[in-house]
Structures are given as C-alpha cells and as structure tokens.
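Two complexes follow with chain A in common, the first pairing it with chain B and the second with chain C.
Take a look at the complex of A and B:
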C-alpha cells in the first residue's frame, strides 16, 4: 500500500505526466476565473484529447484542470462579486465585502490558502477512506439524503440572521429556492410545471444565470451608487499588505478550516449533493462559529471566516466526490460523471480493481489533487497583490466589464437568450432581497437542493411508504432539524440577558 | 425607512402570490407531480402571510431580522442613490436590448463604448481601447475558440 502511495507520486512527477498536468492546470485556472465557463463543461470539452494519453497522464490532465477551477473561481468572486464558478458563490458574501473594505489581498490569501488546506484534506480523505467508505455510502439511502437536504436548508436559514424574524425570512427564502427548482419537466410524471408554455423552461432554470444574477446585479448596483472603486478611496499601499495576513488567517482559524474541509469531503462523498451545497453548509458552519451576536453581525460584511469556510469546502469536496466514483463507479456530481466517462475511454472499470490492479493510478489521482493545488496557490500568491489592485480601478470602468462578464457568463450556460432574462430576473430579486433584509444563501441552497430533495422524497415515499420516517438516521436528522429551527429562539434570550446586564 | 417597509411588504406580497400560484397550478397536476410543490407551497404561503402582516403592522427591533449578507451603501445621499440606481438599471436593461437588437458580437463593444463615454465620461483612448479589447475577447475566446452560437440580432434577422 505504502509502495503504491509513493509510486503514485513518482508517476505524477514524470515529465510527460507533469507537463500535461501543467497544461490542465493552466486551462483550469482561466476556466475558474471566467464566470459561466464551468469546470464540468470544460472537462467534457477536453475528453477527446485523452484518447492518446496513458491513464495516469489522462487523469493528471483532467483532474489537474478540475482541481484548480474552484480555487481560481474564488478570485473572481472576491474581486468582482461575480461567482467565477457556481461553487464559489458563497465566497462573495464576505470575500467581496472584504474587497470593498480594501482587504482584497487578505481575502484572496485566505481563499487560496484555505482552498489548499481543503484540497489536501480532501485528498487525504480519499487516500484513507476508500476501504471504509462503503458502509457510509450505503447508510445514506433516499430518505436520509432527503432529510440531509432538509437539515441543510434549515441550518442555513437559521444562521442567516438574528432572531425569529430572520428565521422566517430565511425559511421563506429557502422555500422559494425549492420552488424555483421545480420549474420544468417533473422527473416523475413528465408533466410541465411553471413553464408558462415556454420551451426554454422545460429543462428547468440553470444554476449559472440564477447565481450570477443573484450576486452580480446587487453588487453592480451598489458599485454604481457609491460612484467609487470597489475598495472606495483607499490608498494603494493598504491593499498589497493583506495577502500574507489572509494566509495567516487560515492558520489562525485552522480548526474551522479543517472542519469545513471535512464538511466538504462528506458532502462530496454523498452522491448528488456536490459543491453547490458544500460551500453553503460550510458558510453556515463558519457563521455558527461566531462567539456572540456582535461577531455574527460581522458576517456578510467582511469576516475572514466567511471566506475560509467555503474556500476549504470547495476544494475538499473534490477528494470526497472521487471516493464513490473510484470505489463504486457512482459519480457524486456532474463533473465526476464526466470523469467516469474518462475511465471508460481509458478502458478502466471503476470498482474493486482500483484498490488492487490500479492502486498506483488511484494514488496518482490523490497526488494530482495535491500537486495541482500546491502549484496553483504558489503561482497565484505571486501576483495576488497585483490582482488586488483591480479593486482600485474606477467603478465607471469596471461596471461595463463586470456586466459584460455577467451577461456572457449567464448566456454560456445554455446558449439561449432566455438565460439573460433569468439572469436579470434573479438579479433584481437579489437586489430586492438585500434591500428588504432577506438572506440570499437559503434561496441558493434551496434551489441547488430542490431537485435532489424532490427525487429522494419521491423515492422514499414510493419505496418505503410512511415508514421511511422511522429509519434511525432519518430520526436523528429530524431531531437535528428541530434543534436547528429552535436554536435562534433559545439563543436570543440567553444573549440578550448578558447584554441587558451590561447596559443596565 | 417607510419606503423600505413598503418594499418589504411588497416582497412578502410577491412571495404570497408565488406560493398561491404554485398551489393553484398544482390542483391541475397528477398527485405525484403535485405532491412536492404542495408540501413546499403551504408553508411558503403561511410564512409569506406572516411576513406580510409583520411588515404591515409589526415593528422591527434594531439588528433583529438583519440578514447575514452584504448591506447596500447608506453613505450616499438618498436622492443621488435613487438616481444612480435608476441609471444603472436602465443601462443594464439597455444592454439586454442591444444584445437582442444587434446580437452579442456587436452589442458588447458598443455597450462598453457607450457606457465608458456617456456614463463614465472617460477619455477617447481608454474608451476605444477597452471597447476594442472587449470585442477581441468576444471574438477570440467565445467565437473563434469556443465556437459559441451567438444569435444574430433581431434587426439583422429582419433583413435576412
């Protein structure tokens, strides 16, 4: 086992393999930066190029590319408030807020270093868990996956504000997200729901225009209203200092980064949940780590922990998602489904053979995740200070360029003009939500989880009848949901009491 | 403050209407298609009505109800903020109109040019350089390299 582990590193470092991995990293770097160009799409586009490669080269190329997409996606999210990838939207909440305070360098440093830590933990989990993951995956059937979705939405709703009123708004946003996910053809009966006779809506709403709209438009409006650069009128010297501060932040909040990485790995292992979910649950966990009400108020306004959590989870989920893909041939996400295609193109059958016949290849994948992230973070750190200076460019120059990226990013998801209408609809919805104090995170999580939740709910009901509610893990998750929902009500009087004692 | 309260009421009203429509539409679907929308629609309707009532009659404690999310700038004079908001909304919708009328490849550089010159008041060199760069970006990456199918504008489709 140890021999194969070391051999896995050596095969990745062989010059041909290393070169194709560098090429993959280069492609992934730019794909991550540009909104709308998704990692999964690029994986699919690159599949034809692996025919002539050896299996190790092919996976070094594809995984090298895929591993860095989420890392560089964070850069766009932090600098411009536009999600570079669908899986990097949560970084905007605090990362872009930091950029507006003149701490873009620190936010980028934190995002990149936490991404690296996350990737290493994800890869480590992949290396360790293949022999033991089978019982875990088998414990989570459709009822448990449905309840996991419910817990996720309840969790993020309860953490999206303070007090009962915020909980109401959080749940409202989550339910709206679930409802928006139901647009399109019902997967069970083939009936059109909320399509208003539009062919475009038959396939449902795409995540990219929804996310880009929800996050980019409010930021653009705010930038236009302020009439300054993203970082306001701050002196240039202040920006450059932050990168190492951000790197140090990762180690100051090391256990938070580790916990969020583990959350990402766990969600990555669960089939169908993916990075869209991992980032928000981790963000929720980061918010939960606030020691008091005052600290929690800082989230969304530039707390570095809000960058570390999603940054770590985004990358650790890749290692997690590879586990069921390699061990059982069950892809955890669309990107992994495409990667599964690569296995077949190379004539390899995922499953027990990967732990025996192809063990070196399996470990080479682990090493690719590690090496690709180290190279990307090291290369990025060199010019983060320069990137941070983009936040000092006048708003009047940035606005048309950000709008251009947002429009094209939305359009490229389906190559349909309907995407632009969806983008604007969700853009102005996001703006209204912010004006009215409604959190956007539960809406996004509800939207991401909607189809998964409905499918698993349907399978649970058909397969088990009402008895699925009595399954042990389901009961635990129901209890967790109840606790999460009543938490703000228990917490508020407890927190008010010391505050009142202090003031009076 | 009053405007925000009204806006909160209308957002809650919009959520109420969405939930009502979802429940109404689900009446015409087979049970298994309608089941999940109903499970979501009922609590959505109840909570939207609660939020609407609270927005209309309730008071909101300082900080309570505030979302963990970024907050819009409040340091700019309200009238100026309103004027700038209306302007950027108009520019955004104008960009969409341009894309529909003349297609992406032409709309992108034209929008960049117009925004920089008219709204930004930037100099000719910067304006023309960035407009040219945006055109190159569109043409080079999305058209030549990725071969994205951009529809031609409505104006051109009328001629062809």
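Take a look at the complex of A and C:
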C-alpha cells in the first residue's frame, strides 16, 4: 500500500512524464480561465495525442490538464464574477465581493491556496480510503443518494440569511431551483415538462448558461451603473499586498479548509452527484462557521471563508471523482467518460484491478492531481498581484470583454441559440433577485440537486417500497438533515446573543 | 495498337475532368461532421475516430472537423442537417439510429424525412441484449420464466434501449420484469447492478460487453443483429407470444443494424456523394483505424448507403394503425 503510494509519486516525477504533465497544466490553465471552454470538451480534443504515450504519461497529461481547470476557473470567478467553469461559481459570492472591496489579491491568494490544500487533503484521504472505497461506494444506493441530496438541500437554511422573512425567501428560491431542475423529459413516464414545444429544452437546462447568467449579468449591470472600476476608487496599495494575506487566511481558517476538502472528496467519490454540488455544500458549510449574527451577515459581502470553502472542495473532489471510474469502470461525469476512453486506449480495463494490480498507476493519477496543483499555485502566485490590478481597469473597458466571455461561455455548452436565451433569462432573474434582496445560492442548490433528488427518490420507492426509509445510512442522513436545518437557529443565539433583532 | 492508344486517350479525356474536379473540390476545404451529442459519448467517439482517418481517403485531403450539436436526443442535429446545412458535400452528420422511429411515430419537433437524406451508410451495427447478474440463479430464458419474484431491471428512461427493450419483453414475452427507470446513464445502471440494487439491465451489447467479460452479468436474450459470441441466445422476436408483439419488437430492433448512421443533407450532388461513400467504405477497412477501434472498444461494421435506406424503409413501411400501436409502447425521448 504505502509502497505503491510512494512509487506512484516517483513515477509522476520521471522527466518524460513530468514534461507532458507540464504541457497538460499549461493547456488546462487557459481552459480554466476562459468561461465555457469546459474541461470535458478539451479532454475529448486532447485524446488523440495520447496514442503514443505510456499509460502513466497519458494520465499525467490528461489529469494534469483536468486538475488545473478547477483551480484557474476560480480566478475568473473572483476577478470578474463570471464563473470560469460550472464548478467554480460558488467562489463568486464572496470572492468577487472581496474584489469589489479592493481585496482581489487576497481573494485570489485564498482561492488558490485553499485549492492546493484541498488537492493535497483529497489525495491523502483517497489514499487512506482505497481499501474501503469499493464497499463505501456500494453502500450508497439510490436511497442514500436521495438522502445526500436532501442533506444538501437542507443547507438552504444556512444560505438564506437571518430572520423569518429571509428564511422564507431562501426556501422559495430553493423551490424555484428545484422547479428549474425539472425542465426536460422526465425519465419515468417520458413526459415533457416545461419544454414549451422546444426541442432545446428536452434535455433540461444546462448548468453553465444558468450559472453564468445568474452571476455574471448582475455584476455587469452593477459595474455599468457604478461607472467605475470593479474595485471602485479604492486606494491602490491594498491590492498589492493581498495575495500573501489570502495565503495566510487559508491557514488562519485551516480546519474549515480541511473540513471542506473532506466534504469535496466524499461528494467526489459518490457517483452521480456531480461537480456542481461539492462547491455549494462547502459554501453552505463555510457559512455555518460564522460565530455570530454579525459575521454571518458578512457572508456574500466578502468574507474570505466563503472563498476558502468552495476553493478547497473544488479540487479535493477531483481525486474522489476518479474512484467510480477506476474502481468500477463507470464514469461519474462526462470528463470521466472521456478518461474511460483513455483507459481503453491504453489497453487497461478499469475495475477492481485498479485498486490492486495497477495500484501504482492509480496512485500516480492521484499524485498528478497534487503535483499539478502545486505547480499551478506556485506559478500563479508570481503574477496574481498583477492579475488583481485588472480590478482597477475602468468598467467601460472591461464590460464589453466580460460580456463577450459570458456570451461565448454560455453558447459553448450546446452550440445552440437557446443557450443565449437561457443565459439572458437567468441573468434577468439574477438581477431581480439581487435588487429585491433574494439569495441566489439556495436557487442554485435546488437546481443542482433537484434531478438527483427526484430520480433517486423514484428509484428508491419503486425498488424498495417504503422500507428504504429504515436503512441505517438513510437514518443517519435523516438525522444529519435535521442537524443541518436547525444548526443556524441553535448555534447563533447561544454563542453570543445578538444585540439587535434580526431583520430581513 | 493505335486504336488502343486512341481508346486510352479517349478514356483519360472522359474521366479526367471528374477526377480533377473531385480533387480540386475538396482540396483546401473543410468537411464538418455534425454530431448530435456532446463530446465523450459513443456517437462523438466514433466521429472523432473517423475524422482522423477520413482525409486520407478523400481526394484533395480536406480537413475533417467535428461539430457537436447536442439536444433532443439528436433530433436538433438531424433537423439542422435536413433543412439548414448546405448540400455542398462539406457537411455530413451522425445521429441516433432510433430517429427513424421518431419519424414513424410522428414525434413533435421532427422536421426531417430520413429517406430524403443523401445517405453514406453506417459504420457499426449493434444488438440489444438482456443481461442479469451472474450471482443470480437465472441462466436461461426458462429460468427467467420460472422466476417467482419479479426480476428488477434498471433503466434510464423511455426512448432508450435500456427501457424499451425490456418493456417489450415484459409486455409481449410474458417475462416477470419490474422496471426501475431514473438512472442518469447506462453506466449508472451498471453501478446499481454492482451494488445489487437491480438484477440486470438491457441495452447495447457493445456497451455491456466489458461487464460481460468481467463476469458481472451474463446475456440471456438478444435482438436480431448477429454477433458470434451471442449467436446462440434466443432472439426477442421468437419469444413474443403474439404477432403484434413480434412486429413491434422488430420495428424497435431493426435500426440497430445501422447503429452509427452517417448522412449528408438532401440534394448533395451525386459526384460528391460518391467520393464520400467511397471514403467511408475504405476508411472502415483501414488497418490502423481498425486496430485503434478495437482498442477503444468501438466495433466497426460498415453498412452501405443502399442497405441503410432499405433498413429505414422497412421500419417506415408500417400501416398507420401499427404506427399508432407502437406509440403506446415506445416513446422516443431524450
């Protein structure tokens, strides 16, 4: 075990392997920065280049690229409020708010450092859990996956802000998200729901145009209305020192980073939960770490913990996401499906063998994720301060660029005009929500978890009848749901009674 | 001798414009393959494989690129190919083989007529198989029939072979199946098989094959397209207890013989179609391509244009009442 773990590292560090990995990192860096140009598409494009490579080189190249995408996607999210990837949207809430306060450097430092810590912890957690990972995945059937989705949805109570009115708004936004998740053909009866006769809507709404619209458009409008740079007219010296401050923040809130990393790894291992989920649950968890009402109100307005949580989960989930693909031969995402093709190409049959006969290869993949992140973060630290200065560029110059990126990013998800309609629709929705003081995070949470919850609920009921409710893991998760739901209400008053009455 | 020379010269004269026309036409141009799905799926992987070898076989060696146009189980891409794409020989498309059933049952949104496309053919065929876990006592159709408990079959949803194929077996072959749809992909069902949440699954033979090889599941029933390893299995149509059932099963499984269809927009000029058809016929015999296809588990089995059309006609030549009957059991969806 330990042998294979160390051997895996040395395999990655051989110079040929290392070189192709650097190439992959370089490509992934740009793919991550540009919104919409997704990791999966790029993997598919790069597949032909691995024919002449050894398995270790091939996976170092592909995974090196894949690992970096989530890391650099955070940079776009923080700087412009446009999600660089569908999986880096949660960083916007506090990361971009920090950028607007003139703390872009600090937010970037925190995002990257937490990514690195997340990748490291994810890798080690994975290495430790390899002996139990098959039974662990097999324990989570449809009933357990349904309950996991419910636990996730319960985080709405933390993401809603204080007061009865805010909570009602949060719940309504969450329900709206669930409703949007229902668009498309339902798999049980084959009925078209909310498709309005549009072929485009058959497959449901895509994550990328929804998120880009929901977050980018309100920011663009805001920037246009203010007529200044993203960071307003703040004194410049604050920007320059920021990055190091952000790195330190990661260690100031080290346990939060660790917990969010573990959440990410766990969600990554669960097949079918998908990359969009980990960041939002971690964000919810980060909000829970607020010690009092005052702190909690700071979330969404630029609390660094709101950057650390999703940043860590984003990268730690990548290691976990490898598990269903390598241990069972069933890919958990489209990126992993393409990776499965790479396995076949290399003459390797993913399955139980990967945790035994090919253990060194498996660990070399885990190490690739770690090393790629170390390199990216180290390289980025050199010019993050320069990047942060982008927030001082006049809005009138930035707006056309951001708008262009947002449009292209949305359009690439289906290459269909409908993508742009969805983008604008959710842009408008997002703008209205902000104007009226409604939280967007619950909507996204409902949206990313809706389909998972619905399908697994249906499967559980038709397969097991009501008896699935009595499965032990389900009972534990029901308890977890209750705790997550009432946590904000018991925790805050006890720690420090707020002086003022909570208002919406 | 002089006569021979004259004849030769005449022949050269006769053929050269066509040949040079072909070469110069594709030279420096780009052929776009419109794929009705996102990158990474089966249709996309086939197209990307072909795209790398096709230029060699088209005079003038054009660049071949992939354009993914996902949506509505590839109806969007078929509509595009039918009425938007230019019929200039520079666009070809690949879409779901079941689109013919969507046309037969008049699914809303279908604006194409498959028989009017300029067909290239199909690069692979497939069979559907019904598989059950090897640790269960069911080793034959007889065992399935004798099952006291319902056999739980995982599925994605209506319109996919994971759903329609077992549904017809349940309905018309009297097998005691309980269908559990809702899995997000066929690989998701495999995981449910692995954790014993479901007893088995139906669907594409090619995609289940790795799990049959791993002895996780074994095939018990197949559809009409023949493959050596499963030749001896009973065919679904023979298990049907009524003529109607047999006919509906046949309609469902007939398109599987053109599993990865390729066509160009209606009205593409014949000379360019000839070039494209030749290119596909030859590229699917390319040794390097075949070796790669074998490695990546993309079986190649070329079916020519005329035969593909025959298959389509066989499906479409149903009496009206039959088409309506089919709608009750098969829904074409996403």
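Heads up, the rule we're going with is that the second predicted complex is superposed on the first by the 477 of 504 C-alpha atoms of A that agree within 3 Å, B and C clash if a C-alpha of one lies under 4 Å from a C-alpha of the other, contacts with A are read in each partner's own complex, and residues count from 1 in each chain.
Just so it is clear, a residue touches a chain if its C-beta (ideal position, glycine included) is under 8 Å from a C-beta of that chain, and two chains touch if they have at least 3 such contacts.
Source: prediction; values computed, not measured.
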Clash or fit (per the criteria above) of chain B with chain C on chain A: fit
Which of chain B and chain C A:415 touches, first, second, both or neither: both
Partner chain(s) touched by A:200 [first = chain B, second = chain C, both, neither]: second
Partner chain(s) touched by A:189 [first = chain B, second = chain C, both, neither]: both
Partner chain in contact with A:218 - chain B first, chain C second, else both or neither: first
Partner with the higher number of touched chain A residues, chain C or chain B: B
Inter-chain angle, chain B to chain C through the CA centre of chain A, in degrees rounded to a multiple of 10: 80
Contacts of A:471 with chain B and chain C, given as first, second, both or neither: neither
First, second, both or neither for A:456, with chain B first and chain C second: second
Which of chain B and chain C A:438 touches, first, second, both or neither: first
Contacts of A:48 with chain B and chain C, given as first, second, both or neither: second
First (chain B), second (chain C), both or neither touched by A:178: first
Nearest Cα pair across chain B and chain C, whole Å: 7
Chain B and chain C contact sites that coincide on chain A, given as residue numbers: 186, 188-189, 415, 454, 458
Chain A - residues contacting chain B, complex: 93, 96-97, 100, 159-166, 168-172, 175-176, 178-179, 182, 186, 188-189, 191, 193-194, 217-222, 224-227, 287, 293, 296-297, 299-301, 394, 396-397, 399-401, 403-404, 407-408, 411-412, 415, 417, 420-421, 424, 427-428, 432-441, 453-454, 457-458, 461
Residue numbers on chain A that touch chain C, as the complex places them: 40-41, 43-45, 47-48, 51, 137-142, 184-190, 192, 197, 199-200, 202-203, 271-272, 324, 328-331, 334-335, 337-338, 341, 344-345, 347, 349, 351, 414-416, 418, 451, 454-456, 458-459, 462-463
Residues of chain B touching chain A in the complex: 4, 7-8, 11-12, 15, 18-19, 22, 25, 29-30, 32-33, 35-37, 39-41, 43-44, 47-48, 50-51, 54, 60-61, 63-73, 75-76, 80-81, 84-85, 87-89, 91-93, 95-96, 99-100, 104, 108, 111-112, 115-116, 119-122, 126, 130, 134, 138, 142, 148-149, 151
List of chain C residues in touch with chain A within their complex: 38-41, 44-45, 48, 52, 67-73, 75-76, 79, 108-109, 152, 156-159, 178, 180-184, 187-188, 190-192, 194-195, 197-198, 210-211, 213-214, 292, 295-297, 331, 333-334
